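In the two complexes that follow, subunit A is the common piece, with subunit B as its partner first and subunit C second.
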Partner chain A sequence: MQRLNNKLGLFSALPMLSILAIAFFAPLLVVAIFSSMPPKVFTLTHIPDFSAYSVFFQQGFYRSLLWSLGAAFISTVILLVVCWPLAFGMAKIFKSFTLVLTIAVVMSLFVSENIRLFGWVLTLMKGGLIEGHMRAWLGIGFDSPLYGVPVIVFGLVYAYLPFMLFPLAQGIATVPDDARQAAADLGASRWQIFAQIDVPLAAPGIVVGCLLCFVLSAGAVAESKILGGQAIITITDDIETAFTFGQDWPLGSALSVIFIAIVSVFALLAISVVDLDKIMGRKR
Partner chain B sequence: MTSEPLLRLQGVMKRYGDFTALHNIDLDIQEGEFFTIVGPSGSGKSTMIRLIVGMDEVTDGSIWLRGKRIDETPANLRPTCMVFQSLALFPHMSVGQNIEFPLKLRKIAHNQRRARALELLELLRLPPNCYAKRISQCSGGEQQRVALARALAFDPEILLFDEPLSSLDYRLRKTLEKELKDLHHRTGKTFVYITHSLEEAMVMSDRIAIMHNGRFEQIAVADEIYSRPVSRFVAEFMGEVNLFDVEYRDSVLTSSDLTIRPNNAAKADPADGKGQLMVRPEDVRFGKDTNDFDYVLFGQLMDEYILGSRIQYEVRTAAGKLVTVEKPREDRTQYEIGSEVILGFKATNTHFIPAD
Partner chain C sequence: MDQTSRRQFLSRTAALGGAAALGSFIDPAFADRNDQLNILCWEGYNSDAILDPFREANPGATVRAESGTSDPDMINKLRAGEVNVWDLINVNQPWARDQLYPENLIKPLDKDRFLPHFEKMLPEFKNYPLAFDDDGSLIGMPQRYGPFSFVVNTDVISREMAEDQGWSLFLDPAMSDRYGVLTYDNWNVMHMCLTAGLNPFAPVAGTDLDTFRSTAETIFGGAKLLTDDLVAMNIALINGEIDAYFTGGTYTASPARYDGASNVRAITPNSGPVDGKGGVVWIELTSAVNNPDPSSLAEDFLDYVQGPEASKKVAFTEGTYNPVCQMGNPEVMALFDAEELDAIQMDSLAEEMARSLDYEVIASYDELIEIYTQARRS
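Showing the complex of A and B:
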């Protein structure tokens, strides 16, 4: 029976497996092979020389990689801090208001990210919604916060808020109320309950949220382009340039492989510390 | 009692919106007492202990512990501790970490904490190798004991229990009831226990309070509640009971349900009025002659139930009332089902409950 179940399981997974193989694994493989090709070739039939990887170090592409990872790290930390109280409210305090909030946050995703970011440009630019009104009504003008690193981080926080909020709320919802009450009864203060009960028990949600936000913002390009005015060049930007203007597919592929490898290490580390089943299926 | 009570509730009231969960509760609990609150679900017993430990706020009234008012104190600063119905063990901690949790909060040194935890494991008859176990690896009974050990590690002035045994099977429950009683003796702590099981209450308690609709119906020792309930609710709650509508007029008892032998019926204690006469099934006897009893019933034997060591009979009286009779197994009667029987009981075995 167990063996039959296993067979049936594999059988039912086949459609998904074949889609993954064709649409996900195959392109990755092509990219990986391309990254080993000599510079500026467009076929996979050359002798691999891995020269694109040495370009990564020679031409300072590691700088854009560090910017991407750095901005992603900072925005993930900010998101965690900003979303915790809201997620806590959604999971434990607001009752029907949670649904209103959920709908409101999800609705923002209905509008394309680029359009929303241009909305922020109009809001924040010199002579835009805020500065323009301030100048017209109060006579106080100030420089636009656009085109700098902080506004890029702001953009990342803004764009990826739902991806932190929902996993976090889900994680906090799995913290049993009676465990929190018991901790208080045994003498724990609010902070002690937070540190010793909430955080460890909501850990799967925290890890999933952080992972999503980190991976997404590390690969983000629109925020630095639209809000940042390319104040920093992200690694995604470099990859895009290599494939388009640069016409150097092996270089673009090599950058992609390095980026994917680094992000995968983070992802695997994160997944290894939490029991995903617990948050998805409430396994106990 | 002259000594100051350990815990005093004064006019405690709890409302949730329009619903009043507790009406004006007054209660004194003495130091070292095993006090049990029994009531059906929704009677307010859980609400009451949640108020005592501080998980909920009183709407009105005050709670005093050793003469100090505590109802304004936050839960984490009250010297009270509760064992939850769900036990509320911390699933991400080992047994040892669970027990040491309150000690760690007090910044007690690591080796002292460990020593205390092992001491408590021993007190609760858990093997020392339990210390490193995960909570999910423990059996139901072990988890129960760990929850108790954790509460004892906190060293509360008063220990409260919210039906902690209700999810266990019968045998384990019986064992733990006795252990709890024994633990109460050994620790000398004050226990307040809530349950909906009367049997549980009778086994363990010094005093029992019967709660109904947010009020105490009666607070007394088990025997008193069993033999002299103050209300119909208590009488029925305390197990199988026969109630007959009666009326005292000029200290003379009359009843349409009963045949009363006049010389024996007078019982001077109640004032005139309507009420119910209670008699427990074990005090009702079968007889050959009406002279054997003070109160007599004629009826037909309807059914016989075997309850292990006891046999229960159901008799329908001429007036159409069902009467329950209980006998030890060795006194099993020879009447056939459907036969006409004479039933009766003595005046000394009855208790008059005045109508509200």
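Showing the complex of A and C:
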């Protein structure tokens, strides 16, 4: 009876599952097929020649990809370092203050990312909130930190902080206090507790946070455009240009496919090394 | 009281859902689309200030307008099959004749209805060639326009000096790190050709491609910032981060000027490599989309926006402020005050137009945009 019920459940879910599968895979499939088309065509009725992929190397698009991945990697590392103490506090120390902190961080997400980044432009620009006040009150002026690589990384760290903080706090919350206390009783140093108890047991949270931040930062374009003055051209920017001003849909599709493939490899590798069920709370 | 059971409710919902889904298929055969109008346009035409009077004149009609962020974006929508969604498309002048009309995405307008409007336009638009196809069909109506070359802060670089120096201003080593590049990429390709002393509207090949490459690299190399946001660029210009920006015109400078920053000025070079001209002018054309299920409101709307009140609103809606060719009509001109005319640089508009080339399709665009994007990445 239980087996029959399970089967009926699956059968009932089939129509919705197929709609979801089509909705998810159909656009990806169209992009994949487009990427095989000859340059500058707008239909899928041509003979595939995969020429768009060779352009990736010939015209140096790999440089944009490396910039995107590099900036994403650096910002993810910074986020991990910055968020760890905060997440530890939220999970183990702050008690009711954790709720205040959570609301404060979540509220920042209510405002569009572009508007928040533009707020930073007004804060950091020459004559802006900081430099303008410094010049008016103290007579000290300085060049704005805008339009460079460091401010782009800053923007990524700022924009994706919640995506690291919450999974990390969730991961740290799953570390049993007993294990930490037992290790301390047995003479483990703080560093040993951190390296041998906290990090391994919080690994699912660390991986989920890093994965979210890395994938989102690698596909980000607003930070480079708004704060960085396009000091680096990201791969997303190149994809957008190929589809719009370049009017080369196959090239845009090929760049998208390469990007999706690389990010997917990272994602699959990451989730294969940890037990996600643990942080998702599924009973075993 | 009518009690509806859960089962009845579900079956009725399913029937309604099915009818709605079916409706979308049978629509073209039964529905009358003359009560709908969908406009794909640059910002401005989608303003309620322009749409509401038309809605009031056509009660019961659903009038909707969506603004695009670039010409290619909007054209992509039609190519991707949205010809059966839109009734009017408003893009810059070369696209209609060179791409939209040959690809059957737009259709000719009624000449008897629209040709008389040209009589009231400014002199340079009375017989505007790009509004017509080679076969003589009228394929779009011009309205907003503006010289588009570059913008300077006249407190730092005088208008006379900028006009005399022209595009070479951006190759001057003294300007390194003192200007921005507004990444309207198709415009930049054109302007970098002019900076390199090349004609963007004639094929560029051989060593000229190398000249274009080195010019593009020099300009990107010396740029302090790149952005596609004209507000961010104007702010950087006003607060002294930069003293000029590559690619800009009345379209980008007017919001800052209308806000009181009259030191932000669009510049048209005095000379250039194509027939002595170095500036370029854009002119928007609004065309009727070749919708398989057309709406008669499309031409009605196009007719309506030629009127004085609507023309003024098109020129001065939110966002950017631009001259309109209907300013040849004294009734339209009378609606502008001195401040508004100063924002759109009316004092020099005619001479700037005389020094400007028509924005055409860039002959070697495919090769040049490749070099351009490569230079941008480097």
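We take it that the second predicted complex is superposed on the first by the 265 of 284 C-alpha atoms of A that agree within 3 Å, B and C clash if a C-alpha of one lies under 4 Å from a C-alpha of the other, contacts with A are read in each partner's own complex, and residues count from 1 in each chain.
Just so we're on the same page, a residue touches a chain if its C-beta (ideal position, glycine included) is under 8 Å from a C-beta of that chain, and two chains touch if they have at least 3 such contacts.
If you're wondering where the values come from, they're calculated on a predicted model, not measured in any experiment.
Colleague: Let's test your reading of the overlay: on subunit A, do subunit B and subunit C clash or fit side by side?
Modeller: fit
Colleague: Tell me which partner A:187 touches in the superposition: subunit B (first), subunit C (second), both or neither.
Modeller: First partner only, subunit B.
Colleague: Touch check for A:64: first (subunit B), second (subunit C), both, or neither?
Modeller: After superposing on A, A:64 lies in contact with subunit C but is clear of subunit B.
Colleague: First (subunit B), second (subunit C), both or neither: which does A:3 touch?
Modeller: In the superposed model, A:3 contacts neither subunit B nor subunit C.
Colleague: See if subunit A has more residues touched by subunit B or by subunit C, and give me that chain.
Modeller: C
Colleague: Of the partners subunit B and subunit C, which touch A:95 in the superposed model: first, second, both, neither?
Modeller: In the superposed model, A:95 contacts neither subunit B nor subunit C.
Colleague: Subunit B and subunit C, closest CA-CA distance after overlay, in Å?
Modeller: 46
Colleague: Within the complex, which stretch of subunit C touches subunit A?
Modeller: 70, 72-73, 76, 79, 180, 183, 185-186, 224-229, 232, 235-236, 239-241, 366, 369-370, 373-374, 376-378
Colleague: Quick one: which bits of subunit A touch subunit B in the complex? Just the residue numbers, please.
Modeller: Listed in rising order, the residues of subunit A that touch subunit B are 176, 178-179, 181-189, 192, 196-197, 200-201, 284.
Colleague: Spell out the part of subunit A that touches subunit C in their complex, as residue ranges.
Modeller: Those in contact with subunit C are residues 39-40, 42, 59-61, 63-64, 118, 121, 125-128, 144, 146-147, 225-226, 229-231, 233, 238, 241, 243-247.
Colleague: Once bound in the complex, which stretches of subunit B touch subunit A?
Modeller: Where subunit B meets subunit A, its residues are 53-55, 74-77, 80-82, 84, 86, 88-92, 101-102, 105-106, 136, 150-151, 154.
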